[in-house]
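Chain nomenclature is as follows: A, B, C and D, assigned in order of appearance, with residue numbering initiated at 1 for each chain independently.
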Amino acid sequence: MPAPFFARFTVSGITLRRRHLFHLLFDQRTRSARRVEAFCGLMALLSVIVVFFESALMTRHAPAPPHPGLWLGIEIAFTLFFTLEYLLRLVLSPKPARYAFSFWGILDLATLLPLYVYWLWPEIAVSYLFIWRAMRAVRALRILKLLRFMPSLRLVGEAVSNARHQLILFYAFIAIVMVVAGALMYGIEGGENGFDSLGASVYWAVVTVTTVGYGDLTPHTAAGRVVASLLILIGYSVIAIPTGILSSQMTENLQRRRQARRCIHCRTADHKLDAIYCHHCGAALPRLKR
Amino acid sequence: MPAPFFARFTVSGITLRRRHLFHLLFDQRTRSARRVEAFCGLMALLSVIVVFFESALMTRHAPAPPHPGLWLGIEIAFTLFFTLEYLLRLVLSPKPARYAFSFWGILDLATLLPLYVYWLWPEIAVSYLFIWRAMRAVRALRILKLLRFMPSLRLVGEAVSNARHQLILFYAFIAIVMVVAGALMYGIEGGENGFDSLGASVYWAVVTVTTVGYGDLTPHTAAGRVVASLLILIGYSVIAIPTGILSSQMTENLQRRRQARRCIHCRTADHKLDAIYCHHCGAALPRLKR
Amino acid sequence: MPAPFFARFTVSGITLRRRHLFHLLFDQRTRSARRVEAFCGLMALLSVIVVFFESALMTRHAPAPPHPGLWLGIEIAFTLFFTLEYLLRLVLSPKPARYAFSFWGILDLATLLPLYVYWLWPEIAVSYLFIWRAMRAVRALRILKLLRFMPSLRLVGEAVSNARHQLILFYAFIAIVMVVAGALMYGIEGGENGFDSLGASVYWAVVTVTTVGYGDLTPHTAAGRVVASLLILIGYSVIAIPTGILSSQMTENLQRRRQARRCIHCRTADHKLDAIYCHHCGAALPRLKR
Amino acid sequence: MPAPFFARFTVSGITLRRRHLFHLLFDQRTRSARRVEAFCGLMALLSVIVVFFESALMTRHAPAPPHPGLWLGIEIAFTLFFTLEYLLRLVLSPKPARYAFSFWGILDLATLLPLYVYWLWPEIAVSYLFIWRAMRAVRALRILKLLRFMPSLRLVGEAVSNARHQLILFYAFIAIVMVVAGALMYGIEGGENGFDSLGASVYWAVVTVTTVGYGDLTPHTAAGRVVASLLILIGYSVIAIPTGILSSQMTENLQRRRQARRCIHCRTADHKLDAIYCHHCGAALPRLKR
């Protein structure tokens, strides 16, 4: 942690304290900051759980849940907490503008909005209760922040990054297949079977190729069923390709990492990933970076 | 089997016989105990098959199956058998309390409950016939016990255990995606299309991301269909990740085991997994632990 | 082909000719027999295509297709061909009884039945037209015979055979999960939502775990939706296991075969699977058995 | 680029200029031609997006979108562009006949048709508006042309090509299973449950085995549900096979390419795919062909 050392030479004492607090609270390299992050994630999780309970209590006959004051109070408490956190982050950050316009900064800001929307335009929160509540549930995205620092993300991320050209190729191919199949079904089935716009037909193609198959739009003519069967078989075949690509990249990565672990005494490589001692000379192996 | 040897020195003859019986009946390292286990599993299977037949005989017009006495009799016989087995296990076990509160102990106890519920509160078994019968079918869980000892579980288990960090990361990510997508659909589609609570919306997201796609809840607005298509494509993409993770771990494990088989004469490694003789000097290879 | 040589020493000339004909027509090691097999497969394919056209011509308003005589004539011609083939196989086979009771023998016999059923009990073919026609379409199974001799079957077959213990374990686990989930839903949802027998509930579990998701049976209660979501997530997770098992076994097999190709001059191994010359000394490599 | 050099020696100046233009515009080895190709792909994409907007503006109450003249004008502009491109390709190509009857030539021609159909038979474009619009959306296929030159296609293509025998075997097997299952359901369920022709039954089998599961055709009898469950379990099992085949082939290819990268100084092989220097002697490695 070289930052306090550097901060010692700054002119103003306020800056010194600011930096100190930043490292204590938000610098992911310190243990205390990771705990703060985990606590904020927990609060986001709790606030989402509360919205779920509130929504579940609302029935068809009673459009508003009982005890509206209680739920509003909880919402205010959460918003206060998140506002405090946002302001602290903004004030303490060494580059506030960069934080404010980063993905995580915008997400943190969006977390606060629901209550302020409710205060400024209460008619929105009443008429569009569903949208207002949905805004609050989107807070779950904040938990993604915690996943950023899991070390196992690296292995998956590396495989995806190595295979990116092939994956882009694959998705471009699938997208074209979906558009063409949607267009064919639009021409064959027409409006009376639900395929009333090209968009709806492509929605059908997405639902079909990915093997979801809701069944809200289905072919009713013989020709439509033949085209649908062909599309399904194409989708069924190509689903193996991204899996194959990722499997081979991950196998490759695992082998590479195993062979990269070389005993510093006898130079033997190819140790098991969780080995602690060299299988040839018994010396301690360098630790594996997960 | 050091236990009979150790038992010889115990003070009481009853303890000696108890230990002997325990090893004979329930210690998985003896062949007789494995046979007892297989027989108990068979009884559980039979009792489940009986419940299935009983339920199939019940039609919409006749809520109770014919010959109710016959079915009750069979149920009593099975319960007697399982009660006897449970008592024996409890009495003979060297640590009865540990057994009683272990997962398998609680499961064995749960197996007995349906009949005793029927005797104590017969009105439950009549009014909640479906629940009472479901309790009896849950006995199928006991067959899981038999799978514990299959040696091939180790290879799968090892791969899952090595990849646990990545799998946890994956499921956390999927869970967040599901909650956010459910919230968005709740806001967009609203109550009139079936998305009447956040819970129902997340149920829809689970059914969609996993490509099950029942079609009981489907988007009806254009915006909802766009969000659904995006969610489906995300689900379709990430389904390749756990498969890739497990495939690479299992490939790694298989190679490791192959290279670990080294001829004790000429030190050549890398034999085929089912090889019996060294491919270099012809000496017999050590047996492979499956 | 040692058989004609051996046949030369048999006593009767009929046996000699019989053996000769058998090798010519049905012994898969001769080229002419493989052509006969392919021709019989083609006839089976044609007969299936005819049944499909016949069934497609039948509309809701006209339960019988036009020109019934034409379709019956074609059916008689196919049956005559298959009868002749069956009798020839039976007569020429060195072990007629073994052929008659083998899987393929019974299948060949079943191929003939529809017409004879029509002649003996014409009322069946009229009242149960659907079943009668289905019997004729099952002839498609005969084409499986042709796949038996494709050499690439070996690689897939070897991987499945090596992984059989793990696959059995996997299917046993999935079966237990399905029974338990079906029982839970039977207890929770009850008869009014379509879960009116344990069999129907297990059918629902099969449709759900495998991500087919017809939507004919769906949970309607909140508790049922929670159980369904959990079951779906379990199914989604375990679907990666058999793929991982087969991928790792096939990767292992491919590597083994590559390393098994050793140059007979310089003993260098590890050649590309489609290499023709040794990459180290340039000598011709032994041919790869596909 | 030896072509301009060769063109210098041709007799006619027109041929010289023609060749020059061909290389400049359509020879994929020059950078300018690749840009022309990308621009044409972009125009195809734009024309498809326009058709989607046009179709989305059409509602159930207003069968024609507003401003029909605007949409027709845009269509004329696109058709003029594609006509110009087609004529240029045809005139400049060294082998015009070969281009005209190649897959891409026919596709380029099909791109032009919708407007000429509209001019020659306007009644078609009005009565069969859906089909006419579908023809325009099929232009998306032209974007496939751009994917041809992506280098990562090679790795996927090589794996598919190496595994072609196994994949053919797999699809033949799946096709037979689908026909037999369709026939069984046709016989068991019969016409009253929607299985009113063998074609419809096979459509059901395709939708089921591939785990799409629309739910428009579902089994209603107990026997039908048993057959459907078995078919679903077969489909669920074999879905792992093509994934396993492709994964193993791709793993094999990746390893081969890694081992093929040998340092030209010290002959060490087995470098990481994105390594730039030899990990043993530090010399620059030959570049990897992606």
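A few notes on this one:
To be clear about the criterion, contacts are C-beta pairs under 8 Å (C-beta built on N, C-alpha and C of every residue); 3 or more make two chains touch, one makes a residue touch a chain.
It should be emphasised that the depicted structure is a prediction, and the values quoted were computed from it without experimental measurement.
Most remote chain with respect to subunit D, judged by CA-atom centres, is B. Between subunit A and subunit C, the centres computed from C-alpha atoms are 43 Å apart. Chain geometry summary: the mean Cα position of subunit B and that of subunit C are 30 Å apart.
Shown for subunit B are the residues that touch two or more other chains, namely 56, 199, 202, 211-215, 222, 239, 243, 245, 247, 249, 251, 255.
Taken chain by chain, the contacts link every pair, so each chain touches all the others.
Residue ranges of subunit C in contact with subunit D, taken from their complex: 48, 51-52, 55-56, 58, 60, 130-131, 133-135, 137-138, 140-141, 143-144, 147, 150-153, 155-156, 159, 171, 199-200, 202-203, 206-207, 210-216, 239, 242-243, 245-247, 249-251, 253-255, 258, 270, 272-274, 290.
Across the complex, subunit D meets subunit C through its residues 162, 165-166, 169-170, 172-173, 176, 179-180, 182-184, 186-188, 190-191, 196-199, 202, 208, 211-215, 218, 222, 225, 228-229, 232-233, 235-237, 239-241, 243-245, 247-249, 251-252, 255-256, 259. Of all residues in subunit C, only 56, 211-215, 222, 243, 247, 251 touch subunit A in the complex they form.
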